[in-house]
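I'd like to ask you about the structure that follows.
Order of writing sets the labels: A, B, C and D. Residues in every chain begin at 1.
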Amino acid sequence: MAERSQSPLQKHLYEVIFGTETPAGKRFDLWLIWMIVLSVLVLMIDSVMWLQQSWQTALDIAEWVFTLAFAAEYCVRIYCSPQRRRYIFSFYGVVDLLSILPSFLELLMPGANFLLIVRLLRVLRIFRILKLVRYLTDANILVRAVVYSRHKIFVFFMSVLVLSVIFGSLMYLVEGPTNGFSSIPKSIYWTIVTITTVGYGDITPQTWLGQIIAAAAMLTGYSILAVPTGIFTAELSQEMQKQRVQLACKGCGKTGHETDAVYCRFCGHGLK
Amino acid sequence: MAERSQSPLQKHLYEVIFGTETPAGKRFDLWLIWMIVLSVLVLMIDSVMWLQQSWQTALDIAEWVFTLAFAAEYCVRIYCSPQRRRYIFSFYGVVDLLSILPSFLELLMPGANFLLIVRLLRVLRIFRILKLVRYLTDANILVRAVVYSRHKIFVFFMSVLVLSVIFGSLMYLVEGPTNGFSSIPKSIYWTIVTITTVGYGDITPQTWLGQIIAAAAMLTGYSILAVPTGIFTAELSQEMQKQRVQLACKGCGKTGHETDAVYCRFCGHGLK
Amino acid sequence: MAERSQSPLQKHLYEVIFGTETPAGKRFDLWLIWMIVLSVLVLMIDSVMWLQQSWQTALDIAEWVFTLAFAAEYCVRIYCSPQRRRYIFSFYGVVDLLSILPSFLELLMPGANFLLIVRLLRVLRIFRILKLVRYLTDANILVRAVVYSRHKIFVFFMSVLVLSVIFGSLMYLVEGPTNGFSSIPKSIYWTIVTITTVGYGDITPQTWLGQIIAAAAMLTGYSILAVPTGIFTAELSQEMQKQRVQLACKGCGKTGHETDAVYCRFCGHGLK
Amino acid sequence: MAERSQSPLQKHLYEVIFGTETPAGKRFDLWLIWMIVLSVLVLMIDSVMWLQQSWQTALDIAEWVFTLAFAAEYCVRIYCSPQRRRYIFSFYGVVDLLSILPSFLELLMPGANFLLIVRLLRVLRIFRILKLVRYLTDANILVRAVVYSRHKIFVFFMSVLVLSVIFGSLMYLVEGPTNGFSSIPKSIYWTIVTITTVGYGDITPQTWLGQIIAAAAMLTGYSILAVPTGIFTAELSQEMQKQRVQLACKGCGKTGHETDAVYCRFCGHGLK
């Protein structure tokens, strides 16, 4: 972790841009959130045909204001970061870069507007919204419950996929291409639509055997919703109970004792 | 809180109309509930074309009976309220006013029937039904659990919105206007329809890549339903455990006795 | 409770038909369950046009065999019941009667086949299936949890209805009859379809304001599903914890003590 | 359990193929998982018309490579198994056989390609994916919670079926064949689609009475989702609490210590 020595300006900028404790840092964060939300809104309006045609100039200007502002922010972040390489290759560093790149690429290749790659990059700017995640500090307990239950959730997802493959293949066999189940992948797509209880209705079983299998798939999906809910609820309950007693043991300093604990469960020191 | 001195009539009316303890107060409340439910029913019937045409006179009379009754109630509430200003600007005061205003406005502007603003105000009368909330006294524990979990629920809603923006933009890019995803806002609408497992089927993905992304959105929505359920269940469990007699045993000082306990389950000392 | 004196035959029949302890009683119950399931199946097949036409005679015979068997069972139940009046007017007595009545009514009014009232009574025979509920003895704990949470569930249902009325009226105003929202009751039906995340797609919002309100209704419905789940889970957890210690107090005979209880919470007697 | 004496080669193969502890056994398992996933993917691609036509030769070759590999695996499993009969008739033995049989049957009856029975057997190969279940060792606690709650889940399923029969019959009566409810079984299919909140929209109620009954079915389905979730969550919570160290403190005899506890939280005595 060899940190370069920073100039006073770099230190000050670092505190404002990366820090969240100082009043200046908080004000900067608030500004940034508004910039992100507004830039995403401009991107949305830009995609609505009739709005885009009547406000074309205003939208183009707004687009370039946001791109330049985010580009400036990106440069300053690199400038004041004590470990430049680490920031650039961090998750937020890549997001910051991807959110400004498409506009510049369009400038370099003016006739390339219609290329798929540019259209794809343009949408990447939407990831600017991920920057908001930084500010959801209240999400810690939820994230921890999700992290603790990730193994069980993974097992659940695998089971749903295996179920979808089996039900999908059965439906492909029973209904066949004449009723819209034109291939096994399409049948699996239908099964996921059904098991998750979304139910678009673009493909529906027509034969009585297909309808019986579909009913079985629905009841399965309806019931196994209990599994992720049960896993998450049980983990969250435990997580919230742990938060009950925050008082630290005077012997070893550890927290997380249950409400009826008289002695520390780590070092045996009396708690009261 | 400078209360005006009230005449005996005002005091009596106040007890009947605002109070819920006296027999007269209870009878008034019961009458009011029936009035509200009936007036909302009349409003509904009024919106059904063929019913409205055959019963026009009866519906108009009923509408005016209810409007006059609620207007009289509103005036008496103002008259007998010790703090008039506070009642008028309270939530229920505004609801009471809004539920009678539209009918009078239609009287003042007889030819304005077709104006949007009048149509909008007419529907506001439906808010009369909110008066019913007053009588759901059993809802306290539920409301408290909702209040305690509001921060986590807010984080969850933000996450769902961010997810919807990302999935919606991806689908706009992949499917495009030719398959019904005509703009990013419309794609976000489709994503919310899919993630909440509603699934109208008015817009559905047609390409294989779009169907894969749609399946991912469905599975995400199907699984994250666990999050609000887990939050609310954990809060409600804690709330219900708190309700176990809060009083401590005089013999050993321990708490956590069940509501129907007469003797302490730890030392056998009488609890009451 | 003045019971008539029963003959030995009546007593024996009572034990077999109403009782569930003796081997003969169990055998009778098993037969009855099969009869009910088969008679419901016959009724179903009878409603499928092409099956009904090809098997008409067999279905008619089966129908009359079941009707006569259930009629015989009904008569014997009345004959051997010690409190006849009480059985006849009990829930199961009425179900038993309703399940045989339609066939006899069709016999009495042979040309009345097409009358709505006869069609309605014919379907009542399906309630035979409710007799099965008697045999779901494992359902006690579930029923108890439902009973304890009925007040909270009622509050929840009222809230959903009020929400549906408000959302439905808004959508009627915003979308109007041209987009399928032809009346407030129809809009409320649409709202219930949306809030419960069923989402048929027979009526869908077309305007952008309608789609925003619809998205709000979906997210509301998606989140408040947490409420009945939370209520039921919390009640069921408590109910299952109560079952943990079944040992009865030697002092007062009551059970339901918690696992860490040393003294009976009802009489203070030592438990161990 | 009379085991045949095994040759050293058989013992070694048994350890590699059936065992999961040795490095060779683990490597074999990993290979097998990849083979299964790939063979299912080939089967899927084979069902997509345009992919099947352009890659026909490659797909046929892949199909035969997988079939021969699984056939070799099946033979070796029989060869090295100490109790052959038991393996062949075990669940996985039957799955192993069924996953290779269809390809050989097609070879034996080359012109039988179009027969339904062969199409049915071909799809059975998808059950190869069930072999993956062997590797989901993390699923134990989930499976145990499912097993413990199976009686209650069965009662729930029965109730849903009874509800579906009653609602379905009512809708058949109210809507009738003209609105798509062409028979009671079809109406029951519609009811399951509605109660599980899938909601395809291929059949929808058209009359106002039908829409009221449909709304009641939706609200019922929306609420009773709480039942399996509550059952599973309560069982899983108990299962997870049981995992808290079962050992009692030697000092005071109390149990219920957390898994990371070193000292008793009631008397401070060392736990290990």
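Here is the rule we go by: a residue touches a chain if its C-beta (ideal position, glycine included) is under 8 Å from a C-beta of that chain, and two chains touch if they have at least 3 such contacts.
Each chain and its UniProt protein: A, B, C, D = Transporter, cation channel family.
Note that the structure is predicted; figures quoted are calculated from it, not measured.
A.B. asks: Assuming a repeat means more than half of the contact pairs shared by residue number, which candidate in A-C, B-D or A-D repeats A-B?
C.D. replies: Having compared contact pairs by residue number, the answer is A-D.
A.B. asks: Relative to subunit D, which chain's C-alpha centre is the most remote?
C.D. replies: B
A.B. asks: Taking shared residue numbers divided by all residue numbers at the interface, is the value for subunit C and subunit D over half (same) or under half (different)?
C.D. replies: different
A.B. asks: How many angstrom lie between the centres of subunit B and subunit C, each centre taken as the mean Cα position?
C.D. replies: 29
A.B. asks: What's the distance between the Cα centroids of subunit B and subunit D, rounded to whole Å?
C.D. replies: Going by mean C-alpha positions, subunit B sits 41 Å from subunit D.
A.B. asks: How big is the gap, in whole Å, between where the Cα atoms of subunit A centre and where those of subunit C centre?
C.D. replies: 42
A.B. asks: Between subunit C and subunit D, tell me the centre distance in angstrom, where each centre is the average of that chain's C-alpha atoms.
C.D. replies: 30
A.B. asks: Multi-chain contacts in subunit B: which residues touch at least two other chains?
C.D. replies: If we look for residues of subunit B contacting two or more partner chains, we find 156, 185, 197-201, 221, 225, 229, 231, 233, 237.
A.B. asks: Using the touch definition up top, name the residues of subunit D that touch subunit B in the complex.
C.D. replies: Interface residues on the subunit D side: 197-201, 229, 233.
A.B. asks: So in the complex, which bits of subunit C are touching subunit D?
C.D. replies: Touch residues, subunit C against subunit D: 40, 43-44, 47-49, 119-120, 123, 126-127, 129-130, 132-133, 136, 138-139, 141-142, 145, 153, 156-157, 160, 185-186, 189, 192-193, 195-202, 221, 225, 228-229, 231-233, 235-237, 240.
A.B. asks: Applying the document's contact rule, which stretches of subunit A touch subunit D when the two form their complex?
C.D. replies: Listed in rising order, the residues are 151-152, 154-156, 158-159, 162, 165-166, 169-170, 172-173, 177, 182-185, 188, 194, 197-201, 204, 208, 211-212, 214-215, 218-219, 221-223, 225-227, 229-231, 233-234, 237-238, 257-258, 260-270.
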